[in-house]
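In order of appearance the chains are A, B, C and D, and numbering begins at 1 in each one.
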Amino acid sequence: MSEAAKPAAGTSPRPAGRAGRNTELPEHLKDHKGVWVFIEHDRGQVHSVSWELMGQARILADRLQVPVSGVLLGGPADPLEKYAQEAHAFGADRCYLVRDPVLQGYRNEPFTKGLTDLVNAHRPEILLLGATTMGRDLAGSVATTLSTGLTADCTELNIDGRALAATRPTFGGSLLCTIMTLAYRPQMATVRPRVMPMPRRDATRTGDIVERPLGMVETDIVTKLLDFIPDADRNTVNLAYADIIVSGGKGLKNGDNFRLVWELARVLGAEVGATRAAVQAGWAEPERQVGQTGKTVRPKLYIAAGISGAIQHRVGMEAADVIVAINTDPNAPIFDFAHHGIVGNAMQVLPVLTQALRTHLDKRIRRIA
Amino acid sequence: MHIVVCIKQVPDSAQIRVHPVTNTIMRQGVPAIVNPYDLFALEEALRLKDRFGGRVTMLCMGPPQAEEALRKCVSFGATDAILVTDRAFAGADTLATSYALAAAIRKIGEEQAVDLVFTGKQTIDGDTAQVGPGIAKRLGMNLLTYVSRIVEVDLDRRRLKVERRAEGGVQLLDTTLPSLVTMLEGTNEMRFASMEDMLRAARCPVRRWNKDQAGIEDVARIGLKGSPTVVSKVFGPTPRCEKADMQVVADSSANDVCLNLLQKIFTQHPTLEDEIVERLSV
Amino acid sequence: MSAAAIVNVEEKLFQNRYKVDHGRPHIRIKDAAVCANQCKEQSCTFVCPASCYKAEGNRSVTLITDGCLECGSCRVICTEHRNVAWEYPRGGYGILFKFG
Amino acid sequence: MNLTTREKFDAIVVGAGPSGNSAAFTMAKAGLKVLQIERGEYPGSKNVQGAILYADALERIIPDFRDDAPLERHIVEQRIWMLDDKSFVGTHYRSDDCDKPPYNRYTIIRAQFDKWFSAKVREAGAMLICETTVEELLMDGDRCIGVRCDRKGGEVYADVVVLADGVNSTLARKAGLHGEISAKNVALAVKEILFMPEEVIQQRFNVGEESGVVIEMMGTVTEGMVGTGFLYTNKESLTIGVGCMLSDFKSNPRRTAPYTLLENVKKHPGIAPLIAGGEMKEYCAHLIPEGGFHAVPKVYGHGWMIVGDSGGFVNAAHREGSNLAMTTGRLAAETVIAAKGAGKPMNAKTLAAYKAALDDSFVMKDLHKYRDMPQVLHSSPQFFTTYPSLVNRAAQTFFTVDGVDKKTKEKKILGSFRSARRLGGLVGDAFRMWRAFR
C-alpha cells in the first residue's frame, strides 16, 4: 500500500490523479483483455479459494464483456486436465496449461517464469491469485517482474470505469482502502480464502485448453524442494491456520472441565483455544491464548464455551465465519456478535453437544461408507 | 557472514481507532514502532551472527524520524544501521520501495558481499508482503517466504536449508546463498538486549543515504512516479453486530438445543460439514 | 449518588497500549494463605484502579497483572501484612501510555 | 561488561520525567558526562500527570521552550467548583492578562511533552537509554557508586546518582534511604482523555484556538473521601479525573473502586454536558505525593540525591507538581556542577548545598507554609461533604424566588450551617483552615 496514503477524512473519495503520477492507460497496454485466475493446487487437491476467485472473475468479466481464463501450472503427477474441467464447470471459458517436471511441487523460480511468460504472451488485463502462502509468494515476484501494480489480501473487487477497484483492510483491519492500478497492466490482486462466495458448479459448461511449454530445466533452478511435512504429523499448535477452534474461558470454573473442550475438539478435528484468564489460571498453554494479547484467528467455526466475550477476547476471534457461544449469562457481551447462542451451563452443554455431533457424524459416515 | 535486515517504522496500528460517529481516522497518540514482523527477522539474523560471527546491517527506507527504529535495532545487537531517506521516495508503493531497497542493498554489497537478506513477512500498516519478493527478484536472489525455521547454514558450500510454511504443512527447501528470507511470525522471541549493546546503540551514528548515495539510477521508478497502485479512498469498516439467535437450555433439554444448533449450522454451511466428515473418515 | 452501576473497567483498559511480559508477572502475592485467612478487608480487590486483584468465591485473592497501571497502590495499602512483592516490569514492558 | 572497561559517568539520572530531564539537561549543558536511564519505551510512556505546565520553572532551564515545545492550551480561566449530588457552586477567575504572551500556565500531554524535553536533553549531550529498568543502587557502605539495571552486564558507575524515579521512589526505598510511603501521604488519582473536535471544545468553554480552561472540583462526588476532581482542556481533547487520599480509598465503607468514582464524576449534571460525545482513548492511574513538608525524606547523601516526586516534592494545596519537579532537578544539577567545578568529592557534606538551595527556594518555603494542611484535611472530612452540600443548598434557598421573605431565608441558611456543624464546629473549622493556610 503506498506509503503516502494519507487517509482521506470520512468516505469522500480523493481524486485519483495526483501530481507526479501517471494515471492514464498508455496506448500499447490498451489491448490487454480478459480476467485470469491462477488455480492453486497441491498434492491432488485444488485450494477452494481458486474456485471462489473463478466465481468473482466471472462477475468482473461479464461487466467488462471479456473472457475468463484459468491458469494451471504443474508437474506430470498433477491431473491438470481434470482441474481444467473443474475450472470450466466453475465458469472459466479457457484454461492455460504449463506442464513440466520442474513444476512438480511449488517453487518460486519456475512458477514465476511460467506465469510471467503466459501473461506476456496472452496479455490479460486482470490477474487474480488466492492470498495463500503460495499465492502471495508468487504474486509478489510476478508483479515485480512485470513492473505492475498488485493489491494484496483484498476483501472486495469491483469494476470502476474499466479499471479494477480492489478494496482491502489496512492498519491491521481497523480501516479499509480501495486501490486501483490505472496506468499498468495486468492489474493484479490476491484475495483471502473464504471471503468471496463459492460459485455454483455447472458440469455442463465446457471450454478450451491452451498448452504451453515452460522452457526451463532442473539444472537452471537453484532451490530444491526436499520434502513436505503435513501439519497433522507435527504436534505444534497452529491456531492461526486452524479451520475449527473450540475455546474455553473462566466460565468453565476449573482445569478439569477444560477436558470437555478437548473432547469436543477431538470429535471436530479442531484446535483448542483459550481466553487470557484461562491461560493465566494454567488450564491451557500460552500459545493457545486467543485475543488482544494472544493470537488473532479466522477459523470457519469458533465455539466459545464459558467465555463472556470481553473486547480483549473479541478482537482476536470476531473474524470467524461462524461463532457459537455457550454462556450461563444471557446478556454476556459475546451474544452481541456471536451467530448462534446457547444460554446454559457449558459443563452441561459441552458433553451433550459432543455426543450429538458424534451421532450425527457417524450417521453421515455410515451413509458414505 | 554479512546479513542485511530490512525494517520499516510503522504506526502501531492496534492503537488506531475509527471515530464511531464521524468515521474519521483518529491518529492521535499512535506511536511509531518497529514493524513487529521485522523483529522476528532481526532475531533470526542475530542468532546466525552469534553462531557464525560477522555483521548485521540494518536497512530502512523512511522519513528522518525512522532513525529511532534503526537505533532500537542496533540496541538488540545489530552492527550498524543505514537510513535511506529522501523526499523523492515519498509516496512509494511496494514496487517503488523494493526498487529503492534493492539498489541500497547493492550499494551495501559493494562494501562487503551480502550473504543473506532478511525481511519481515509483511508490515502491519500495508500488510501486502510484496517488498521481500520484489527485492529478491531485482537482486536475483533466491526467495524463501514464510520461513518458519532456518534448518541449516553451510557457509563453505554456500548452502542454506529452511522450513517454509505452505498450505496444510511445511516445505523443506534447500538452496544456495545469497538468498532473501522473510520470517514467519512466532518463530522466535526477541532477545532482551545487553547493557553493552544499549550503550553502543545510544552512541552509534545512523548513516543517512539520499537517493544518489543509495545508488538510485532511474528516478522515475521511485516514489509516486514509480508506484503503479493508487489509493482512491480510505474508510472505516461498517461494524457488524446483530444479536445471535439464542436458545435457552433451561426450558428444553440440552440435547434438542444441540441438535437444533447442528442442524442450523450445517444447513447454512454444507461445506463445513463435508470437511469435518472427510477429516474424520480419512 | 446514583446507584453505583457496575463499571466495566475492561472496556477502559482495552483502550490502553500494553506490552505483556508473558510468563514474568512483575507483581506477586507473597503468600496466598495470608490473603485468604488473615486479611479481612481485602481492600486491594476494590482499590486497584485496573482491578487486577479479584476476590474469588473461597475468600482467596487472585492477581492477574496484565493491564496493571503500575501506580503502586496495592503495595502501599497492604500495610498490615506486607504481602505484595511489587516491582516495575522489565524495561519496555507493561503499560505504555500514549498520552499519560 | 567486565570490570576493566566498566562504564563510568560523572552522573547517572534515573528517570526521564520533568525532574530527571531538568537535572540531565542542566548537567549535560555544563559539559558533564551524563547517562539518563528511562524504563519506558520512550520518555513519557510511563509518566502520568493531570498535566498543567508552569512556565516559570521551565523558563529557567529552556528559556525559549515556547518556540517548539508541544503545548496544548494556555490557561485563561480557572474554575473552582463545590459539587453537591445534583448541583455545583462555582467561582471562576478569567482575565484578559492571561491571554497575553508570555503565557504563565499551559495544559500539556505528558507523552509528547516528555519526548520533546528528552530530545533537548540529548541535544545538550546527555546519553539516554530507554526500556531499561534500574533494579537497585550499587552501594559501597553508605556511599552510592552506581546502579544495576535489569540487563546483562547492567552495572554502570558514576560519581553521583540522581534519583528521579517517581512517587514510588523504589530505589531509595530498596537501599533503605527512606521507608515505605504511607497511604496517608499519597493520593490515588485516575483519569481519562476524551477526544472531540476542537470547535466543540472552543464552543463549550468559550475559548479561542489556543486558550483553555481548568476546572478543579470537590464535594460529595468523592463520597466523603478527602479528594478533588479535575477537568482540563487540551487542544482536541479533555482530561477528566478524580483523586482521593489512598488511605481514604482503603477505609471507604462503600468500597468504591476508583473507576466507579470517575464514572460518577463523569455523570454529574454539571460535568456530563461538558464531556458529552468525547471518545475515550486512554485510562490512567497514578499516585500523587500529598504528605507535603513532613513527608519529604532525606534527599541527599554520599553519591546520591533525590529529586521530583521521588522526594515527595508536590505542593498539594496549590496542585503544583511539575514546577517543583523541574526546580528540584535544576537545583540538584547546579549543586553537582558547582562541586565538580571546585573538584569536591560528591559526599554528603558537599551535597548538603542542594538541601540549602531547596530551603531558600519557593520549594521548601511553600511546603513549610502548608505543612499542616494534610493533617487538617485528614481530620475534617466535613470540608468535602458537609460544607459543599451546605453551600449548594444555601445557594438554592438564596436564589429560589418563592415568596418566602429574605429574612426567613437568611435564618434558614444560617440555621442549616449551625445545625450541621454547631457553632463550636464552625469556629473550630474556620480556625483550623486559617492556621493551615497561615
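Keep in mind that, in the parts below, a contact is a pair of C-beta atoms (placed from the backbone, for glycine too) under 8 Å apart; a residue touches a chain by one contact, two chains touch by 3 or more.
Note that this is a predicted model, so its numbers are computed, not measured.
On a CA-centroid basis, which chain has its centre farthest from chain C's?
A
Which of the two pairs, A-C or A-B, is linked by more C-beta contacts?
Pair with the higher count of C-beta contacts: A-B.
So the centre of each chain is just the mean of its C-alpha atoms; given that, what is the distance between chain A and chain C in Å?
So the centre of chain A lies 41 Å away from the centre of chain C.
Could you put a whole-Å number on the gap between the CA centroids of chain A and chain D?
52
Suppose each chain is reduced to the average of its Cα coordinates; what separation in Å results between chain A and chain B?
18
Quick check: how many Å separate the C-alpha centres of chain C and chain D?
23
Which chain B residues reach two or more other chains?
14, 17, 29, 31, 192, in rising order.
Which residues does chain A have that touch at least 2 chains other than itself?
Those would be 292.
Counting only residues that touch at least 2 other chains, which ones in chain C make the list?
Each of 13, 90-91, 96, 98-99 in chain C touches at least two other chains.
Hey, which residues of chain D end up touching chain C in the complex?
Against chain C, the touching part of chain D is residues 39-41, 44-49, 51, 85, 109-112, 114, 130-133, 135, 149-151, 167-168, 170, 180-183, 186, 188, 190, 192-193, 220-221, 223, 237, 246-247, 249-251, 254-260, 263-264, 267, 280-287.
Can you list the residues on chain B that touch chain A in the complex?
Residues of chain B touching chain A: 11, 13-14, 16-18, 22-25, 27, 90-95, 97-98, 122, 124-130, 132-134, 136-138, 142-146, 161, 163-176, 186, 223-225, 227-237, 240-241, 243-250, 254-255, 257-259, 261-262, 264-265, 268-269, 271-273, 275-277, 279-281.
So in the complex, which bits of chain D are touching chain B?
1, 7, 41-42, 45, 109, 111, 127-129, 132, 149, 151-156, 195, 236-237, 277, 279, 281-282
Using the touch definition up top, name the residues of chain B that touch chain D in the complex.
It is residues 17, 19-21, 26, 28-29, 31, 68, 75, 192-196, 198-199, 201-203 of chain B that touch chain D.
Give the list of chain B residues in touch with chain C in this complex.
12, 14-15, 29-31, 192
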